[in-house]
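Heads up, the next two complexes both have chain A, just with different partners, chain B and then chain C.
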Partner chain A sequence: MAELKKEKAQEMGLHDEQLKGRTQQRFFSIDESENLTYFHSHEVDTSKSAKIDAQDMTPREINREIRALMEKGIGDITVDNPMSRHGVGVGILNRLNLKFTDSLGYFGCGLIDGPNVHIEGRVGWSCAENMMAGTVVIEGNAGSTFGAAIRGGDLVCKGDVGARTGIDQKGGTIIVGGRTGAFSGFMMQRGRMIICGDAGMNLGDSMYDGTIYVGGEVEELGVDCVPGEMTELDIRYLSEKLAIYGIKTPKGVEKMQKYVSGKMLWNYASLEPNEKKLIL
Partner chain B sequence: MSTNEEEFVVGADGLDTDREQMIGQHIGYRYDVNLVPDLKFITPFLQKYIDKMGWKDLNWLEDIHMGYEGDQAAVFDRNINGWVTIPDNIKLPDNQQERDMIARELLVKFQMSENHPMVDLNNAYRKF
Partner chain C sequence: MCGIAGIIHRNAGKEVNIGEQMTSMLQALKHRGPDSTGYAVYGEDNGNQVVRFKVAEGADLEGSFDIHAAIEERVALVNKRLEELGAKILNKESANEYSHRYEIQFSGDMKKLADFVEDIEGVEILSIGNSLELIKDLGDAAVVSKQYGLDNFNGTHGIGHTRMATESDVDIRSAHPYWAYPFSDVAVVHNGQLTNYWTNRRALELKGHRFSSNCDSELIAVYIADKMSQGSDLESAMKDSVEYLDGVFTYLVATKDQLGMAKDVMAAKPMVVYESDDMIALASEEVAIRTLFDHRIETFDPYHGEVKVWQN
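Right, the complex of A and B next:
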């Protein structure tokens, strides 16, 4: 790992890091401590609750107040009157129970790593984009690019969602209780998407990897998205996962369709021009 | 290690299909990245971790699998964007589900350790 000369580097605006190739040659130590949270996170108690009335607060003030409460050790926060403000509940890298009693605007709960968020209303574009870990549950509907570039955790919308759901998904699980719009799973690279209702046109377009399960009808599959084979493990996984969030599929989990990458686009750059034409 | 994995790691450079032989590189991973976890193999430490976080299943750890760095078993740590090698003295089971659970446990222990590189990065770069 890099030897960071913190003070000097900050004075000069530079950082000296020694990164070699793809690996940093880190080895596990069997004597690692059994700490269960990040070293930089605040130790919070989920039995301690607090409320924020966001009626007259700016998004920045709301986010700062959430952080201040976490620093005080409060682990259960309710935000009343979020008034569909944008960029609220973002950048939380901590264990926390967070509840919004109404709708959020764009980019709500983005860049989070760990908290369990419950939104009782609806959400705008790009909810939980770049989410790393934790759970986000939305009772209403969601806008486009729901869970854009998500890397981990469970992102659940019990209603319908817009287009390009999980665009550039790199991990995690996106669950949609209703329908999803066009180009869902576009450029998906890893992770799972569970759509209980119908899916719009070009589902899984240009997906490199990952799995999409659909309970309803698919309008049209995108480039390199092909049907996969449901296994016993898939069915068990779907049953357990949906039961956690109290979501049911119209025809039952056993009748869901599985879609995976055809992997024709892998190593696309090294294909000959005529091969590229065949795929597209 | 299954027969397929042994072939990949030890023999024939892992080049299997005609397409792979033509382009001279492997297509895909050396293990099933889409394998959904089987919770019956969960370890006591992982159970303690998910209980602490308030989750009902493995959450982000569903995407963690035991992979390879060269011919060494390793797990990818997204927080350092690099592979973390498993020590030789840890004996790994044949079943991928069990191996993945070990990878998850070791990764959580590593990430939550004060020796993790993110502790230095946090001290140097964190803005708030």
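Right, the complex of A and C next:
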């Protein structure tokens, strides 16, 4: 087979630089101002408040209204009547106090980096997916894939959550006040998960780093998930972390069980800590 | 994807507009499946049987010159066969040319009646029951509700389905709910994919059960019917089904006075439940249940492998 010339390959969109990890260097331009700021991040003042009545608004209209208020510098926003709509409160990349006085549907508060969100109702599937930083506190219950692939921040559900909680978790802390469903912590890579109640089957299946604490019964451990040793540091951490959100475990943090990965992936285990950070 | 919903009122008599409530929930789930919409709603039992059947698919009307004559022949043949078996036809209604509702008096073998009528080419019984009305057609909930006059249907409970066709055709035959032939007043709606459909279908067919479509969801209705024919109650049959069925699923079953829900062991398909002293409402998404209330409600997700049955 004839070798494809580099110029031709690039015309076709096949940039071999991407494969070598030099994408940023290749495509960064100092003349493009958006490269110097965090896109769609706003300077807001949390002493300035506003309310949105979302009763008759579409999810897109709600998100646009939140963005418009942030552009005006408003840093404390309350959304009334979100009516369990999907995809609300997403893509917020700055500090903001955001409150929902009702339930959210699927993918609520996904892709956020910085806001403190308080939800007085319930959330549907995939709440706070890919969250980078900030806090999301839910007073009610949550659906499945809660906190999928989060990389940072605190994600707190005071009630019960569905299956696959923290699937592909890459950092941050997930706190569940009640029980969690099957396959929680599936392929967990980093971060902490604190489950105050029971955990469903296959807990921590295929996890290769991170820590899971469970206050209740575990139906069944997944492959590669093994009990770890609780230390004084763990107990102190749990006590202080749960106190922040006013959550108590039925039997006390001293009785919680710790679970960690029993096996390291070969390539992952051979990396230095700073190298691990790069691949996650 | 598909969306499913159900509602059951406790101690509410027959005064609740179930048709309107189901339409409200199913319309909110339209984005999960726009191909067809179906209802199994339970009204007043006046001692007679309600037979819902179709004599053609809606699409057939546009595809053949002689379909109208064929439909007339089929309806006449249905009437003749019902009378031959001793069924007394008390009332006839039809929402359109191909979909019919008969109220009959019949004390014989229901399976024999169903088999005899379905032996007519193009005829399929959608349901038989004392209080069950099974309605399904192409289009969203608003379209089907208007076509079949469901906006003012009073009853105690119902289940419904919005379908996104993935593994079988877009037609009434493949739409949900499925009647648990030949059991009076039992219907099923399902969201998911069953991976052991053909293996289990063949086994049930060898036992004498009939399948009217190639839709995997029908397996649940037939399996529940099979278990109940062996003496199982609804809850036991549903618990067994969680082991029997392979794949990802959440389904609802309704009987004359019960509403049941089952979820697979991986909890791969959604279900949200609202429960109060007066009513239980379930749906694939809370946004559907929320259409019934003007205030915040508390809801929860059932656990993996969980089966729940409510009585009205």
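Annotations
Criterion: the second predicted complex is superposed on the first by the 223 of 280 C-alpha atoms of A that agree within 3 Å, B and C clash if a C-alpha of one lies under 4 Å from a C-alpha of the other, contacts with A are read in each partner's own complex, and residues count from 1 in each chain.
The working rule: a residue touches a chain if its C-beta (ideal position, glycine included) is under 8 Å from a C-beta of that chain, and two chains touch if they have at least 3 such contacts.
Nothing here was measured: the structure is a model prediction, and the numbers come from that model.
Of the two partner chains placed by superposition, only chain C is touched by A:Asp102; chain B is not.
In the superposition on chain A, A:Asn116 makes contact with chain B only, while chain C stays out of contact range.
Within the superposed three-chain model, A:Trp125 lies in touch with chain C and out of touch with chain B [touch as defined at top]. The partner that reaches more residues of chain A, of the two candidates chain B and chain C, is B.
Looking at the shared chain after the overlay, A:Ser47 reaches neither chain B nor chain C.
By the touch criterion stated above, A:Ser84 is placed in contact with chain C alone, chain B being left untouched. Within chain A, no residue touches chain B in one complex and chain C in the other. Per the touch definition, chain C reaches chain A in the complex via residues 265-268, 270, 272, 285-287, 289-290, 296-301, 303-304. By the touch criterion stated above, chain B contacts chain A in their complex at residues 23, 25, 27-28, 33-39, 45, 48-49, 52-57, 59-60, 62-63, 69, 74, 77-78, 80, 82-87, 89-90, 106, 108-124, 126, 128.
Taken in their complex, chain A has these residues touching chain C: 83-86, 101-103, 105-106, 120-122, 124-125, 140-144, 159-164, 179, 181-183, 200-201. Residues of chain A that touch chain B in their complex: 1-2, 4, 6, 9-10, 15, 22-30, 32-40, 46, 67, 95, 97, 114, 116, 132-135, 151-154, 171-173, 190-192, 209-211, 233-234, 236-237, 240-241, 244, 260, 263, 266-267, 270.
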